[in-house]
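Chain nomenclature is as follows: A, B, C, D and E, assigned in order of appearance, with residue numbering initiated at 1 for each chain independently.
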Amino acid sequence: MFLRQTRSRGTLALATAAVTGLLLAGCSGGGGSAPTEAPNPYATAEGMDSATELVGEYPREETLFTSGTQWGPPSSWNPIPGAGGATGLGGLLYEPLFQFDPITLELKPWLAEGGEWTGDDTYELTLREGLTWQDGETLDADDVAFTAELGKVDAVPWSNLWTWLDKVEATSPTTVEFTFSDPRYQEWDNWLYTTMILPEHIMGEWSDDELLSNPNEDPIGSGAFKFSAVGQDRMVWERNDDWWAKSELGLEMPMKYIVDVVNTSNEVALGLMLSGSLDLSNNFLPGVNTLADSGQVSTYYDGEPYMLAAASANLIPNQTRAPMDDVDFRQALARSIDVDKIVANAYGGLVSKAHPSGLVPAFEEYYDEDVAAEHGYTFDAEEAKSILADAGYEDTDGDGFVETPDGETIDLKLIVPAGWTDWMESARVIAEDASAVGIKVTADFPDAGAVDDARATGDFDLLINGNAGISNTPWTYYNYAFYQPVQEQMLAGNFGRYEDEEAWDLVQDLSRTESGTPEFSETLSQVQEKFMTDLPAIPLWYNGAWAQYNESQWTNWPTEGREDAYFPVMWNGYVQMGGLNTLLALEPAS
Amino acid sequence: MALAVNDLKVWYRTRRGDVKALDGVTFEVADGEIMGIAGESGCGKTTLGKALIRLDTRMKHVGGTVVLDDDELPLADDAAMRRHRYREVSLIPQYAMSAMNPTRKIGRMIRDLLSAHNVRYTEVLPELERRLKLVGLETDVLGRYPIELSGGMKQRVVLVLSTLLNPSLLIGDEVTSALDVSSQKAVARALVEFRDHGFVKSMIVITHDISVLFQVADTILVMYAGHLAEKAPAKTIISAPLHPYTKMLIGALPKVGDRYEEQQLEGIEGRPPSLLEPPAGCRFRDRCPLAHDKCAEAPPFREVSEGHHVACWAVS
Amino acid sequence: MRGYLARKTLVYGLTFVVAVTLNWLIPRLMPGDPVQRMVARAAVQHPETIASMTDYYERTFGLDLPVWQQYLNYWAALFRGDLGTSVWLFPAPVSQVVLDAVPYTLGIMIPAILLSWVVGNSVGAMAARSRWLDNVALPIGYLITAMPYMWLAILLAWGFGVALGWFPVAGGYDFGLVPQWSWSFALDLLQHWVLPFLSLFLVALGGWAIGMRNLIIYELESDYSNYLAALGAPKRLIRKYAFRNAMLPQITGLALQLGTILGGALVTEIVFAYPGLGRLVLSAIQNQDFFLLQGTLLFVVIGVLLANFVIDIVYVLVDPRTRTGLTGATA
Amino acid sequence: MTATQPTAAPGAEAGETPGVTGPVASGGRKAQGDVRETLYFALRNPKVLIGLVVVLGFLLLGLLGPLFLRHAPMDYAGPPMAPPSADFPFGTTTFGQDVFAQFVAGLRSTFLVGLLGGGVAAVIGMTIGFVAGYRGGLIDELLNMLTNVVLVIPGFVVLIIINAYLGVRSVPMQALYIGIFTWPWVARAVRSQTLSLRSRDFIDLARLSGVGVGTILRREVAPNMYSYLFMTFVLLFGGSILTAASLDFIGLGPTNAMSLGLMMNQAVQWSALHLGLWWWFIPPGLGITLIVGSLYIMNVGLDEVFNPKLREM
Amino acid sequence: MLTLDNLDKVYKTGTFGTSDLHAVRQVSLDVQRGEVVSLIGESGSGKSTIGKMVLHLLDSSGGTMTFDGRDVTKLGFRARREYYRKVQGVFQDPFSSFNPIYKVDRTFETLRRSYFPQVSGSEWRSRLDDALAAVTLEPDDILGKFPHQLSGGQLQRLLIARALLLDIELLVADEIISMLDASTRIDVLNLLGELKGRGLGILFVTHDLSLGNYVSDRVVILYKGRVVERGETSAVFDDPLHPYTRDLLASVPHLDRTWDEVEAEEAERTQRLAGRCLYHEAVTAQGRSLGEEADSADGVPDGVGLVEYAPGHFVGCFRKAAEERCPAAT
């Protein structure tokens, strides 16, 4: 019941439970009868001579405590399904070919030594030498090819790769050649750092079904950490002392253990943070601004917005319904919302207002400020009212709210998952602001699942969504915003069901354009203009890359202005975007 | 002289004032005597029975004394009374059906009770078994729970249990009222038998059923509205009552063979006075056909012939 | 006795069937689709991927069969101890997830229930004895009973946890510890256990004390108490008997209260982030994990039923009235 | 059985235990008609008085309070995280909302939930209890079985599930659900009371007067149990409030209303404990405790009034 | 007027009525206008059950009941209302017969609402006065009072007055005096006698033989749900045939004779009847065969009724219980 070392041992767990039950019941006689030699929790992990010294606890000075990444007991170490796996699975245990630094916007070779487009349709990837799996097997080009080929199984999340990839071939133990039918440079870069390379010698034996359902309880990766133990409320990683990067790159993890605490709630994390039991919290902690100001915790920025931005939170109008299908209405709605009020009150300044382009500040260089100046919206209630009036929205029945030009009553519901307190609070403000210019909006808080359903099936008026996070390319955000075709179920983007082939062509062009080229900027400007004029989604503020540190045990956390500052986030998908580097840079406090 | 009650007053506290349920009664019970107390409901007979052994929380001892075997009973002092209970005064309650703890075996309960009186169960056991047999019970009732016994059996167990320490005085409160005639007869006869065996020295049997008293009692005391009306040997009370109340009461009882067509009996009109503020004088006078001016004064309870006491001005 | 137990067993059997059926039915009547949840989580966009993932998960959750067959399968799986697969913690089996959490919940519930029952009954019996104690204990008891579980928990967490720092306010044991047989670990477990236990214990305590006090007073007024008193039995013996008899309804009450205390335990666990069933329930709700929620409920129902059954057997052992067939005649 | 409901229920299981005793159980044939006497004792019973004053006080505050408030409960009315002051007697939340305004609004929901939830449970429980107790026979067996089944199912867990699945989040709906799962002990108690009343001759006489079942229940049985039913309702009222608070607290409360449970939920979610905003989470809990506690204490008082035996204690 | 023929009552007990309790077996009797029939038996004899069945407060399980030749065994709600116009009852506990929270007047009001909604207030009042006068009650003493303010005797008479408001022909008086004080009992009994004189039929249920004797014309002795003896009051009391009747009579506490005296008187008769079963003797005398009824394992089998031993005086088999054999069988 407490910590599982490798495979689950149901009966033992139950026996332990029974004995513990007795202990808990106040009977303290059990302790004496416990085996004198404490069972070594690491016995199953190999080469862990030193671990036998461990008695009872993870030495504080060698352990990093983190939280804010997972909300349930870790239950799967299978990286293939793309979600649901234990935190650190991607990045700490399994590794991608490249890492991406969202601060410098650079793609850095990781397992790969490099890669280049050898032709319009071919990409050649070179692996590093001396890569090994944690069980001692060599990691080679076959593993990379295997990983890519897994996508041929429909249910594997990267199966769409094969709609534009033609062939993958390991040309030598360290080189792989990818041949494309439709090269999408932006999407490919994305694949390179988001996909974990998997061991063929293990997963090659799995059936198609197992690819999704095998919990992979004895995971063998290539990364800096290996599976140590798991409990209901924690995931424990232990340093892989045979990590390839030690010899190849001279990198060494400063901490021996990472204990990732499963979240139950933000206030629990805050409590742990304040008591020094947590070193890094990637939770949204309300009120942390006051604690940061008083020096009890540290954050990336000294003052507002304290946090790096991770994704924009967008107001999604359902464009299959009137009046959201009217762009004038959307423009008016956008101008009615006082985002500053949300930032100041609901978030206490922990977030910042979104740029009208919707792109996160990391992509600041891509902002087309001219377009923004011309087409972007800002809070202006008067302008909102006049847009409404010009478009024929008038309060014909005198209830204080406008009707559509056809005279239909407007009564919109803004849905936000119940329990998402910051968004709920924000939704209330939005509803109030919209109502102030005459658009009747009420905030409603169904269950998270109901919101998901509504979003997927299009059964809503307005909702808030922040699914498109930071990435290597602005393309991901616009792909999210404009995605076509509109299907019965929209699961990954274009929840507002905006339909415009022209816009979608632009986005696809963007995908096929290499970054840094003038064509890229040009296409991007066109996309931004389209976005701001049509407003398929209304970007409101940036959800933070929530990270707060307690420096009592570990120091040298990333802060603004430091040369080697990385995204200090351990969320799944963010480890290879700075999380790992943040760990590498840490230093013991003493 | 087993029991001497002198001017005993026991009242009930209520919100409206004190109910003078027992308002000065004086009588004696001789050794070996079974005295029956009869009267309408609310006449104070049950109060009297209770007063002699245990006042409940609402009762208060206002005056008078009770002397049992030359010892004055500390009626008002519950703790001091405890010493006298069971060994000297014992009780067969009205509620004999529910008098035993439903979750204890009968033997176990007796054992607990005895040890509380420092009597060893094993010493008493043979006598206990003998008495159970005497009342027609198997000794295995001791290993049973009260719920397993019938009403008549429980009544008899209580009879045996209450008299186990051979008390001087046994108070039987409506002992037979809830029973069918056949069980009534058995229990009533057992009472007499117990007295005859000397298990109890004397007995006060309280019941509203005069015909039962006639069967078991040596003397009968008739009460009316907290006062004594008449006391005489059983036969005398039935055949030659003096007090008009007694007369009317007996006259209202049909005997087997009395027929409505042949001989109409009559009841007593009216109701007893409220005991919150009982009228001065004879309390029966409102219903009494013989009432006259003198009755405004309370008549003394005096002996008019050998063992025959009556409280009525009309009786010379 | 056989009649009594047969009747009880019938009730329990029926309850079980009803609970299982309800349990099976509710999620199927609700909006929301676990398969969609799983697919949405992977955030895929391509129709073929969506279709094949949907297909796969439908098979996994057994949702591709006719409804009646799903129902039968549910029962069949139930008897194999298979409660399905968690959506939230895919692919962990629900039974495993629940079993992992159960010891924590039992660990606070069993001691809290038993101790509060024992202590509460003693306090109640004492209160019935002394007017002074009665006047003090009773209002306090009522106020404690009237406290929402979580509020007491919050107060305890705030007072002893945050303000005084005596006890930790989250988790089952320190995150820096490796579970093992050692005093320090046991002590740590105990430390994390104290506050959740206490909040549960205190609220339940008041109810038992009050119940006992009232019952004792009634028992002391009963005929057998009066009879004992009339026969000169000391107060001690009378109280002993009264206490003994008053225990019987309290035993029944214990069975009736299980559900309530369980509700309290769930809420308390949430406050203290205690890794038991309460947190599981909350997470299952928040993550729309029907299967986990179902499994947890089922487990709880079975637990309550079993506990009820045990209590019934105890009751039969202590109350002779249930053992004799003499009850129930009508004429 | 319900959630955080009358833990006083062990004593309240009148079927088996006499914790709450109506006039029926006390069996007094005197003075029951005497309403004035009941009032006389009720108004002189300190427990009843204290309970009544506290509950009515909160009720008045809930009803009249909003008239005197300057801020709506959700308004960003003042500085964030302000401790209690003259302007904001209970301080403000992280967003600068007036805690006192929220408290007052929460009181309304609290009373509403108590009233409705208790009412629904009372109506169901009493109906089933009356019918089962009065009709007897197979109907009684079946209703009894139903009662026992619902009694054994841990109501709070079912409530959680229903709330979670149905996702209808309003105070009246919540009250309805609570009512649906808290009636069994009422049904049991009312049934046993009805059983004992049914054997009274005046019921037979009513039947001999050609009166139908419904009329008998309404005109003969129920009036005899008014005091008992009232006390039952008081317990249900308190129980509903506690249950609702628990549901609100774990985030299954009404989404567009303020309630005391929701206040605690928000306080905890916004880290009031760690940020030291005690004024945010103390009042709502204290309010519930005082209301429910007063109800319970009032109930004891009423018990003493209706049942002279206890009055002597 | 009222005739019961082989009336049966079986109670279902146990879980879902799995076991039977036979409370009344094969009871046949009749009540005529202007007579009092006493139903005498100890507790559990089924006497009250019979009374309740006659009043349709309980359903019968077998046999028939006729009233003036009309079958009234099963009645619907409406028919029952009409039946109650002619047949009424008074019960044992006068206090429990009144809803304690209402004034006694309400009992009459209920009746009025139900049966005489058209009758005007003054008309009703005069009827009420008549009825009260018939039971010798002063309206002013009674009306507007709560039950606890009146005596048991007054209440019982009130209830009889209530029955008289309807033009009843049969009154079922179920132990109506057993809870009254001795001083008022007789008045109620006398009232029954008076009503009988007015032509009312009365079924008087009692456990008290002397009271039964006092008013009744005929008596029916019940034992464990079965009629063991029935006949003219004087015949049964003067010459009890069935051993149970004799036991019962011997147990009655008399006011003029002690139990010992009674037993001595009875000794001769007991002697005479020892080892005999008059039922079987009579049956054989009538030339009928006995069959197995005397030896049946579970007591007297159903279908074994009474035999007319002497004119109007019926008696059943002497066998009282399963374990007891019929004295004639040996």
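Keep in mind that, in the parts below, contacts are C-beta pairs under 8 Å (C-beta built on N, C-alpha and C of every residue); 3 or more make two chains touch, one makes a residue touch a chain.
Small disclaimer: the values here were computed from a predicted structure and weren't measured.
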Problem set entry | For chain C, the least number of touch steps when starting out from chain B | 1
For this session: Please work out which of C-D and B-E is bridged by more C-beta pairs in contact, and write that pair.
Result: C-D
Problem set entry | chain C and chain E, separation of their C-alpha mean positions in angstrom | 55
For this session: Express in whole angstrom the distance between the two chain centres, defined as the mean CA positions of chain A and chain D.
Result: 46
Exercise. What is the distance in Å between the mean C-alpha positions of chain A and chain B?
Worked result: 91
Exercise. On chain C, where are the residues touching two or more other chains?
Worked result: 10, 31, 162, 169, 270, 285-286
Problem set entry | Where chain D touches two or more other chains, by residue | 164, 167, 251, 268, 273-274
Exercise. Which positions in chain A touch two or more other chains at once?
Worked result: 265, 271, 419, 447, 450
Problem set entry | Of all residues in chain C, those that touch chain D in their complex | 10-12, 14-15, 18-19, 22-23, 26-27, 29-31, 131, 134, 138-139, 142-143, 145-152, 154-155, 157-158, 162, 169, 203-204, 206-208, 210-211, 214-215, 217-218, 221, 249-250, 252-254, 256-260, 262-264, 266-267, 270-271, 281-282, 285-286, 290, 293, 296-297, 300-301, 304-305, 308
Seminar exercise, completed: In the complex, the residues of chain C that touch chain B are 222-224, 226-234, 237, 241, 244-245, 248, 318-321, 324, 326-327
Seminar exercise, completed: Given the complex, residues on chain C that touch chain A span 31-33, 36-37, 39-53, 56, 60, 85-86, 88-92, 96-97, 99-104, 106-108, 110-111, 114-115, 161-162, 165, 168-186, 189-190, 193, 197, 270, 273, 275, 279, 283, 285-288
Exercise. Of all residues in chain D, which touch chain A in the complex?
Worked result: 74, 76, 80-81, 94-96, 164, 167, 169, 251, 255-256, 266, 268-275
For this session: In the complex, go through chain D and note every residue touching chain C.
Result: 1-11, 13, 16-19, 145, 148-149, 151-158, 160-162, 164-167, 185, 238, 242-243, 245-246, 249-252, 261, 264, 268, 273-274, 276, 278, 281-282, 284-286, 288-297, 300, 303, 309-310, 313
